[in-house]
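One chain, subunit A, links the two complexes that follow: it is found with subunit B in the first and with subunit C in the second.
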Partner chain A sequence: MDLETVRKRAGPREFGPADDMPERYRTAATRMIQFHANSEVMGGYLDKTFTRKAPSLDRKLANTAKVQDEIGHAQLLYRAAETLGVKTRAEMLEELANGDGKFLNCFHYPVDSWYEAPMIDFFVDGGAMRRQATLKSTSWTPYAHAMDKICFEEGFHVKHGESILRELMNGSKATQERTQETFDEWWPRILQFFGPTNDESVHDDFGRAVGLKTVTNDELRNSFLNMYIPKAEKHGLEIPEYPRIYERDDGTMAVREDDLDWDEFRTISRNEYEGSHEQIGSRRRRQEAVDWVRKSLDSWESSAGTTPRAAD
Partner chain B sequence: MSGTPNSERIGRADLSAEQQVALEALLFRLADDEFVHAERLTEWQIYAPTLESDLAIANIAQDEFGHARLWYDLLKRLGYTEPECLWERDPTEWTHSLLVERPFGDGDWADAVLRGYLYDVAERIRLEAVADTSYAPLADRVGKVLEEENYHREHAVNWLERLTADDDGRGRVQDALDELFPYALSLFHPGPREEDIVEFGFRTEPVAEMRTQWLETVSPFLESLDLTVPEPDEVERPDERGRDGTHTDAWTELYDEFTATYHELEFETPATLRATEE
Partner chain C sequence: MIWEVFRQEAPGDYHEHVGNVHAPDREMAKLFARIQHARRMQTNSLWVTPREEIGEVSAEDAAFDGRTDKSYRWAMTYNEIDASFAEEVADSESEQREAARKRREALRDEGNEA
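Right after this comes the complex of A and B.
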């Protein structure tokens, strides 16, 4: 299929593995899905911290389940990415460990307190939900299918994140203050989650033209703001003065982007932020530590000559 | 096995004071083992060797937390609160075995798999020994838990077969076995009230017999993988016992870590996310 035809046909769930897609489409779709899959894995590095800290048995169980879901999502997404025939899962995981793989800006910031749990589980995941809901209509069908299951499960995560936030904001004055401070720290990162409006890249234009993406970063962020500012306020959080948020003529909200630190954002995009080194380094070390297991598995599989049992 | 027929089982209201003390000792051991084992297993989430093994170990950890919750629920019905069971209970009152509190070395998947195996076999033997318990609410819960433990054991067995298929892997499993075995034996340390527990029929086998059964199961299997099982009576045992509340330093560290946020936040009650069981 040539690009002209792709552009013409582009629409929700329009293409699949049976179609002969041009290389540019396959590369763009792989980049996007791989980024998404990587983000699930790297989000897990943050979220797993909260399992040990959880202040109730039920919260601990819910958090364990959430971290498991993230790995399950990564598995689905890498599989969806593989259907494009550009990279194998092993290659994508290797890129993640060696620092070539890209992932969401928010997951470049290590966490160390329970107050950060709702920042990730409610706000970051809530933002992710905004984006993921639109991806149910992406043109690459295996990606859209993965989104069906992922969006369903993310709904539970966001609810749990909100429940954690509600509990913290009903805690002692000191707890409320710590939660607000943590929110102040995370808020700009969360706004940057959607990327800059004014220099939307070539990737994005192409992605929309071929139906991989259906909405712009700006639209996503506004949809997030309209939904989450009232939620944050309902739970007693104050929206920080900066970055300034203003109402547009049509009643929707927008951010003054000059108030955000885009140098930091771009450093993160290159995997060169301090936290990037820490998080990617952790990924690499953890993978290296169990490298012997994968070698052992390979030798078992080749000697046994049987199909490996998939479930474990 | 001389079990108790359903009609003769006793409920909460029938317990004498002495019986209740013995029953609580039994339940805390069950619950603490599951909780601490799960707490350690979650350390592998995101760090497991493959995405598939990550999902599997997460499943197991969640099952074990779920079992812990079942047993703590029985204790709640005897008057305990969640903070009394977990968050505010002195670390020296916990009666899990030493095996489950051991820290994992970096990348030591052999430990994770072998520990799971040693634990799951012991768990099956123990659950079978309480399947015919005289305490009705306990009997009601054993069946489901046994089913899940069977799946865990299969998972561990599959992994052990794979890892021991090459020299490097087998060497690592052997190291883990030498390291864990003395601690695993603490699974069968008779804690306080052992005689009462059997006498009142809460458990139908004494731990000494469970230990024999366990050795008769794990030794031949591990030997079939070309592993050398340490001689149980000759291994150097740690000074701590586990079941009597004495624990290794690793436990104190773990306990401090998982209770820190609870103490910092001082919520009135730990959040529950499901309807309370009655």
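Right after this comes the complex of A and C.
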């Protein structure tokens, strides 16, 4: 299929492995899905820190269930990415380990307190879910199918995250202050989650032209602000003065992008931030630690593991 | 030999199991699958696979995680939180509510039989 045909036909769940897709489409879709899969892995690893920090058995249980979900999402997405025939799962995991694999900015910041749990589980996951709901209409069918299951599960994460925020903001004055301080620290990162404005986004135009994306970064960020700012305020959080949020003529909210630290964002997107090294390194060491499991599975597959081939 | 047949109605849909056919090889299986399952039904794509290549998990095994209280991992548990502010969160909750209802019913039916 040539690019012109792809552009013409582009629509929700329009293309699949049976279609002969041009190189540029397959490369763009692989980049996007691999980024998404990597983010699920890195988010899951970050989140598991909270199991130890969680203040009650219920929270610990819910957190382990969430981590299990996220790692499962990564597996679904690596499979969806593999259907494009550009990279194997092993190659993508290797890239993540050696620092070439890219992932969401918010997962480059190591966490060390329970106050950070709702920042990830409510705001970051809530933002992710905004985006993921729109990806149910992506043009690459295996990606859309992965979204069906992921979105089914995510509602629990976001509600549990808000439940933690609510609990903290109903705690002692000191707890509320610590939560506010943590929010002040995370808020700019959360706003940058949606990436730079459309003008600066390199991959946005092509992704939209071929139906991989259906909504722009700006639209996602602004709809997120409209939904999550009232939620934050409802629980008693104050929105920091900077970056400035303003109301547009149509009543929707937007952020003054110049108030955000894009140098830090770009350092992160090159995996060169201090936290990037820490997060990538700690996951790599765990991948190496279970290398023997992968090796034994591989040797099993190549010896006794396969069922007899059906005659063609 | 027996081949299981999966039909996808329109592009973007899931391939769903629709039945099986006798056939000596893959090419014949595809032919019989077309005649049997795609001749009248709207079909975008068909898959055939040898039945012996399919691994099955029985109802008993599939239910292994439904016996203990795992309410902490359902959206409905956090009912102090209003999900209606975001359509996608509300959708996820209603899908989970439906899945939980089906599981509960299955468990209840099992209890009645015992």
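As a working rule, the second predicted complex is superposed on the first by the 296 of 312 C-alpha atoms of A that agree within 3 Å, B and C clash if a C-alpha of one lies under 4 Å from a C-alpha of the other, contacts with A are read in each partner's own complex, and residues count from 1 in each chain.
The criterion applied here is as follows: contacts are C-beta pairs under 8 Å (C-beta built on N, C-alpha and C of every residue); 3 or more make two chains touch, one makes a residue touch a chain.
Computed from a predicted structure; not experimentally measured.
Asker: Overlay done on subunit A, so just call it for subunit B and subunit C: clash or fit.
Answerer: Partners fit side by side after overlay.
Asker: With the two structures laid over each other on chain A, which partner does A:12 touch: subunit B (first), subunit C (second), both, or neither?
Answerer: A:12 sits against subunit C, while subunit B stays out of touch.
Asker: Applying the touch criterion given at the start, work out whether A:286 contacts subunit B, subunit C, both or neither, answering first, second, both or neither.
Answerer: first
Asker: Is A:62 contacted by the first partner subunit B, the second partner subunit C, both or neither?
Answerer: A:62 sits against subunit B and subunit C alike.
Asker: For A:163, using the defined touch cut-off, is the partner it touches subunit B, subunit C, both, or neither? Pick first, second, both or neither.
Answerer: both
Asker: Which holds for A:297: it touches subunit B only (first), subunit C only (second), both, or neither?
Answerer: In the superposition, A:297 touches subunit B alone.
Asker: Of the partners subunit B and subunit C, which touch A:54 in the superposed model: first, second, both, neither?
Answerer: Only subunit B is touched by A:54; subunit C is not.
Asker: Which one hits more subunit A residues, subunit B or subunit C?
Answerer: B
Asker: Return, as a multiple of 10 degrees, the angle whose vertex is the Cα centre of subunit A and whose sides reach the Cα centres of subunit B and subunit C.
Answerer: The three centres form an angle at subunit A of 70 degrees.
Asker: Determine the nearest approach in Å between the Cα atoms of subunit B and those of subunit C after overlaying the two structures.
Answerer: So the smallest C-alpha to C-alpha spacing between these two chains is 5 Å.
Asker: Please report the subunit A residues shared by its interface with subunit B and its interface with subunit C.
Answerer: Shared contact residues on subunit A (touching subunit B in one complex, subunit C in the other): 58, 61-62, 65, 160, 163, 310-312.
Asker: Would you pull the subunit A residues touching subunit C in the complex into a rising list?
Answerer: Within the complex, subunit A touches subunit C at residues 12-16, 18, 58, 61-62, 65-66, 69, 126, 129-130, 132-133, 141, 144-145, 151-156, 158-160, 162-163, 166, 227, 230-231, 307-308, 310-312.
Asker: Could you pull out which subunit A residues touch subunit B in their complex?
Answerer: It is residues 41, 44-45, 48, 51-62, 64-65, 67-68, 70-72, 74-75, 78, 113-114, 160, 163, 167-168, 171-172, 175, 285-286, 288-297, 299-300, 303-304, 309-312 of subunit A that touch subunit B.
Asker: What residues on subunit C touch subunit A, complex-wise?
Answerer: Touch residues, subunit C against subunit A: 1, 11-14, 25-27, 45, 50, 52-53, 70, 72-75, 77-78, 80-81, 83, 85-93, 95-96, 99.
Asker: Can you check the complex and tell me which residues of subunit B touch subunit A?
Answerer: 38-39, 42, 45-56, 58-59, 61-62, 65-66, 68-69, 72, 82, 86-87, 106-107, 109, 155, 158-159, 161-163, 165-166, 168-169, 172, 257-258, 260-262, 264-267, 270-274
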